[in-house]
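Consider the two complexes below, in which chain A is the common component and chain B and chain C are the respective partners.
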Partner chain A sequence: MKLTIERAALLKSLGHVQSVVERRNTIPILSNVKIDAGDASVRLNATDMDLDIVEAATADVSTPGSTTVSAHTLYDIVRKLPDGAQIDIDAAGDGQVVLSAGRSRFTLASLPTDEFPVLSGGELPHQFTLSAAELRGLIDRTRFAISTEETRYYLNGIYLHKAESDGTALLRAVATDGHRLASVEVPLPAGAEEVPGVIVPRKAVAELRKLIDESGDEVAVSMSESKIRFAFDDAVLTSKLIDGTFPDYQRVIPAGNDKVMEVECKSFADAVDRVSAISSEKSRAIKLALSGGTLVLSASSPEHGSATEEIEVAFDGDELEIGFNSAYLLDVTRQIEGEMARFTMADAASPTVMQETDDTSALYVLMPMRV
Partner chain B sequence: MQLRRLPETLVNQIAAGEVVERPASAVKELVENAIDADATRIDVTVIDGGQTSITVSDDGIGMAPEDLSLCIERHATSKLPDDDLIDIRHLGFRGEALPSIGAVSRLSITSRTEGANEAWCLNVEGGRVSDPQPAAHPKGTRVEIRDLFFATPARLKFLKTPRTEMNHVTETMKRLAMAHPAIGFTLSDGTRRRLDLAPEQGELFEARLGRLGTIMGRDFADNALLIDAERESIRLTGYAGLPTFNRGNAALQFLFVNGRPVNDRMLYGALRGAYRDFLASDRYPVVALFVTAPSELVDVNVHPAKTEVRFRDAALVRGLIVGTVKHALAEAGHRAATTVADAALGAVRTGGQALPMSRGAGRYGRFPSSNPSISPGLSDAAAQFGAPLPGLAAAPAAPMATNDWAPVDEAESIDDPGEYPLGVARGQLHATYIVAQTADGIVIVDQHAAHERLVEERIKRGLAADGVARQGMLIPEVVELEDAGAERLLARAPELAEMGLVVEAFGNGAVVVRETPALLGEIDIQGLVQDMADDLAELDDAIALRDRIGDVCATMACHGSVRAGRRLNGEEMNALLREMEATPHSGQCSHGRPTYVELKLHDIEKLFGRR
Partner chain C sequence: MAQNGLEDTAAVPLEPASQAALKPPETLRTGAGPTLCRDCLSYFPDGPLDCPACGSIRVICHAELAGLDIAHIDCDAFYAAVEKRDDPSLRDKPVIVGHAGGRGVVTTACYIARQFGPRSAMPMFKAMEMCPGAVVVPTDMAKYRQVSQQIKAIFLDATPVIQPVSLDEAYLDMSDEARGVSDPLPAMALAEAQRRIEDEVGITVSIGLSYNKFLAKLASDLDKPRGFSVIGEAEAKEFVATLPVSKINGVGKVTAAKMAEQGIETIGQLQDMPEMELVARYGKFGRRLAGYVQGEDGRKVNTDGTSKSVSAETTFRQNMNGADALKEAVGPLCERVGKRLADKGIAGGTVVLKLKTGDFQILTRNRQLPNPTQKADVIRYHAEALIEAEADGRYFRLIGIGVADLCSAIEADPPDLFSGLE
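Moving on, here comes the complex of A and B:
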């Protein structure tokens, strides 16, 4: 295999691919990226056995072929080469890959290509297309709520499934860590009528998110019960799905909450941020006291003292006092792009629903904190 | 196959299996009899670890000849005068020991009552009883067991080496002796005395401390806190060791209920709870505690060897132990064990070969003359003391020393260390250790450990004052346990809620967790609840939850405290010392390691051979 590639093209593709590769591996080949040179293009492939990414880049291929080299080392080298450099990659097949650019020359150890694991394709019967904006919305507005507690593995991802609301078929993404929940929906795309409910793991979500911004407008999604694939213009990301049952989240979204507060989102977020400066660093508790048209935010800690701030809200209901983890509140307000946010509450012990007033496609449920 | 009644001898042999497990249990039964007989002196001789012979003689009230023949009958006892199993005032009460021992050995009992003309002797051999014979013996009783277990060869085979059995006997004797300081005890193995404990004089506490010191070592007496508390007619007395005076196992934890040594899990759990904030989980405090409860509140009749007891109100006893011991430790404040200083002295290298005396000698005069307490032998510090002192000396600066020794400016330091237990800061070594001068010695403080402890105490006070904030669970977590575990957990639900964990029943053997302590963040609830159920079963305390909250506090404290390597000025150092004096438990970090070492002047003088 012998090829010449421009630094910028290689760096961009390699940047996506190498982040899938774990820093430490017990299987040596998993540290490597597979370089596959065809006619006029090169395909880079990396995997951690659960997540597989293939990205294509244009290159001047003189001898087609393939090889594998350490992903992180290669990335490190390419990153440090000067802008605009032309990189020659030459794998003579003696277990070594020679990389040269300008007056630099690197000889890298290589492992045989046939050891490189292939994430077996299998059938992916359900195929549909999402716009990049829709996919971005589904991910961005839910991923903050993904659980990090490994014992509840079935919460360690985004639950993507088909749903229905007022007769409209929807594709919905839900994530929860047991304390809060985020649910975002888009109209069900054609081809997704029969999709099973699947849980996309956290790492796949993170890699996917990086790819969206640098790709075209459309993403082709295909999935089966155990795998999901996202195809962009140049890149294809395939991930195994979490083999577990996502809890029946519908039951915890309260329907009967009758105390509705509307607040200007930005000023609310800023107030929460300010007041929480005083609350203790681990529990981050903040209290919301509602009475008439005024919301009083307060926090106190034995070490730092106390803080209160008042903001104007639209609220009609009995007085209410409710505590929250301020970090959770800020996580939600960060997702709200519109001006106004609506809080639907019942009491200090029951879940509160938060939504953007003008955009009901996203819904957040927050469990209060008892202080 | 036909049913039949077992012969009396066999019945006694079976009973003996329960009561007399090894020579030490026979010794225990006999010594308890002697104690019940109001003896003031009890002599025990055990030969070949008890296999050849065990002799116990006392100067108690003795037995008349007719009692002698009765005492080896099963269930014959003088200790339940009202046939009331509730009101038990003696160590023994079942009337099982002597017949059991008699059934498996060659037993001879010689006894004479006060004022009787002669003593009487009775022999039993494998359950066969002879008639009492007149014999010669002073007032009291002498019981001799020969060939223990000769009638039960199986049991004989399971005996360990004489040495091991002797150690068990010694342990048993020690425990009994601790509970009865007014009685003199001796234990001999036929050639030499293993124990020789004279009766202790004086009032109970003094006598007891004397006896405990003899048995557990002088260090214990110096490092123990007096415990004396009473709650609802249950009294707790004894001594609890300082946390820094700890051990790697529980061998030096002695618990007594109504004068009876017990091995009770609930009581050990209470102890662990009391010391939890001050010791790492693999270190054990040294304690001797005596619970005195009216006999109707405690049932001792639950274990063949009576090493377990049951309290009518276990939570009360538990609360009493945890509360009292914690209170005593809090009052001890910043005290660290004297053994810490001993250890430090042990580590000091004497001899001048490593000390740059030629350079240092000229500088010595620059120390305040009232400051002979700073020892040049403290290994790490030594070289630095010999070096020039930039803050005090106008002498040419020696570059090597400036980084490591930061003396307190004389003008700003308080000159009278007498009024402060931890003294007045004189300087900082290696930007890590504060050296302070006290009225009669020096104190070396590990600044990070000390400050970390202060911050942790502050965080805990905050938690205690405000309560633990609880984060509600959007999706309550159901945890499957076995029935008993779930019940135990639910019985403690109000207490757990105070610590931030709200659990409710969820059908048979399952609990549902509704709220968790907010400061733990997202946690492995299944694991936590399982651990707590195990803790409750084993130690009767939800240690797992406390530990995790404690860990978070400790981590916050670690991040929020002054690190080693941070230069402190004199005022900062003095402020730290004053705060340590004012804060309870500041003498040790949460793992039981000391935060400071105190060396007395006379210790230092010893190092230099001045004494």
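Moving on, here comes the complex of A and C:
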């Protein structure tokens, strides 16, 4: 295998695939990226056995062929080469790959290509297309709520599934860590009528998100019950799905909350941010006291003191005091693009629903804190 | 605990230590320095070696007696003493408290039993070989806890600043600031508490009085049982120099063996080493060690009395290996820890797994939790993950699980949308 590639093209593709590779690997081949040179392009492939990314880049290939080298070493070298450099990669055999650019020359150890594991997609019977904007929305507005707690591994991802609301078929993404829940939906795309409910793991979500911004307008999604694949113009991400049952989240979305508060989202978020400067680092607790058209935000901590801020809201229920983790409030308000946010509450101990007043495609549930 | 007591405390009113003072040389009979009579609590600023007020020879005489204010209290063969109190037929018999089964260990041996060799933590079968006539009484922690509370209540009359170490051991800050009064003298208040415990609770305790915790603990061990020993500043350094290194709190078998390898047997041999060298040799502990060997200890008597961890452990009947067997064993321990956390209204932020290998090496492994918990199943989940990493085929004889980083239950297990659903 012998090829020449421009630094920028290699760096971009390598940047995507190398982050799949775990820093510490017990299986040597999993530290490597597979370089596959075809006619006028090169395909880079990295995997951790659960997640696999293949990305193509334009290259001047003189001898087609393939090899594998350490992904992090290669990335490190390419990163440090000067902008605009032309990189020659030559896998002459003998377990070595020679990389040269300008006056730099590197000899890298390689491992045989046939040892490189293939995460076979298997049959992926459900196929549909999402716009990049739709996929971005599904991810951005839910991923902050993904649990990192291994105890409930089935919450360590985004639950993607078919749903229905007022007779409209929907594709819905839900993530929760038990303290907050985010649910976002888009119209069900053609081809997704029979999709099973699947849980896309956190790491796949993170890598997927990076690919969206640098790709075209459409993403082809295909899936089975155990795998999901996202195909972009130049890149294909295939991931195993979390083998578990997502809890019946519908039951924790309260339907009977009757205390409704509407607030200008930006000023609310700013006030929360300011007041939370005082709240204890551990709990990040902040208190919301509602009375008539006034919301008083307050926080206190034995070390730092106390803070209050008053803002005007639309609220017509009885007086209410309720506590929240300020970081969770900010996570949600950051996702709200419209001007107004609506809180639907019951009491200080029951889950509160947050939504954008003018866009009900996203819904957030927050568990209050004891304050 | 001292191992040199020859009689049993409950049975014999006099102990060997005071017998030595039976016939002091005539020259010492007056002008011996500040003296307190432990029987009638009379104090003589420059007293004789027996009490002019009541004639008792149980007097404490020490030049710094009036100035020392840190005490260490240690109950004498505590569990055994409680059992003897409750069953007078055991009074003159060798009594061993502990589990009688095949792999059981001695929790406490009374002073009569100790003459034959049994000691705490000794395997029961070995203890029974040494002392076949011993009566084995099963442990009754609930009862000991209750007696411990009674004792604590009496010491609380002496000072509000008490740091319990275990059920039968505590440090007391007897300083004027801690007590808010300067009268009676610390030694007098302690002697009174000691006497009251004998009268009201029916067991004996030994007291060590000094000017820091390290020395107070050494002192309580000097004159056991029913002892009262004093270590003053003047003799502290010289006194500790003669002790074996194993007397230092924190020098266990491993460190002692390491020191022995380097030819160090007594604390005196450590006294000439600069702190830097001690740290280089023994790690972070070297810093505290540097103070200890000079008779210095800056640790305060920790008033809040809160424990740093809650744990439970069990010794297997037969050594075990394999993750599954260990996980099965840890389940009930997690339940116990969870229950004790709930009873105390506290929670833990770190799960600690303890394993003792077949050759008595102790391993501990920690894991920090996303949220503090008091739930047995959360503790268990993390315990199992820790076990998974250690269960590589080695055999273990003991497993323990605990939580540290204790906090109030209010901070624990934040309300969860799914609790009750799963």
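Assume the second predicted complex is superposed on the first by the 371 of 371 C-alpha atoms of A that agree within 3 Å, B and C clash if a C-alpha of one lies under 4 Å from a C-alpha of the other, contacts with A are read in each partner's own complex, and residues count from 1 in each chain.
In this text, a contact is a pair of C-beta atoms (placed from the backbone, for glycine too) under 8 Å apart; a residue touches a chain by one contact, two chains touch by 3 or more.
Everything numeric in this text was worked out from a predicted model, so none of it was measured.
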Mind checking the superposed model to see whether chain B and chain C fit together on chain A or clash?
clash
Based on the superposed arrangement, let me know which partner A:M369 touches: chain B (first), chain C (second), both, or neither?
both
In the superposed model, which partner reaches more residues of chain A, chain B or chain C?
B
One more residue to check, A:G323. First (chain B), second (chain C), both or neither?
first
With both complexes overlaid on chain A, does A:T308 touch chain B (first), chain C (second), both or neither?
neither
Please work out whether A:V252 is in contact with chain B alone, chain C alone, both, or neither, and reply first, second, both or neither.
both
Where chain C runs into chain B (options 113-121, 257-265 or 383-391):
113-121
Would you tell me the residues on chain A in contact with chain B in one complex that are also in contact with chain C in the other?
148-151, 176, 178-181, 247, 252, 282-283, 349, 351, 365, 367-370
Taking the touch rule as given, give the residues of chain A at its contact with chain B in the complex, in rising order.
147-151, 176-181, 247, 249, 252, 280-285, 300-303, 323, 325, 349, 351, 365-371
Chain A partner, complex, touching residues on chain B are 458-459, 461-462, 465-467, 469-475, 477, 515, 517-519, 521-527, 552, 556
Using the touch rule from the top, collect the residues of chain C that touch chain A in their complex.
370, 378, 381-382, 385, 410-411, 414-419, 421-422
Name, in rising order, each residue of chain A that touches chain C in their complex.
148-152, 176, 178-181, 247-248, 251-252, 282-283, 349, 351, 365, 367-370
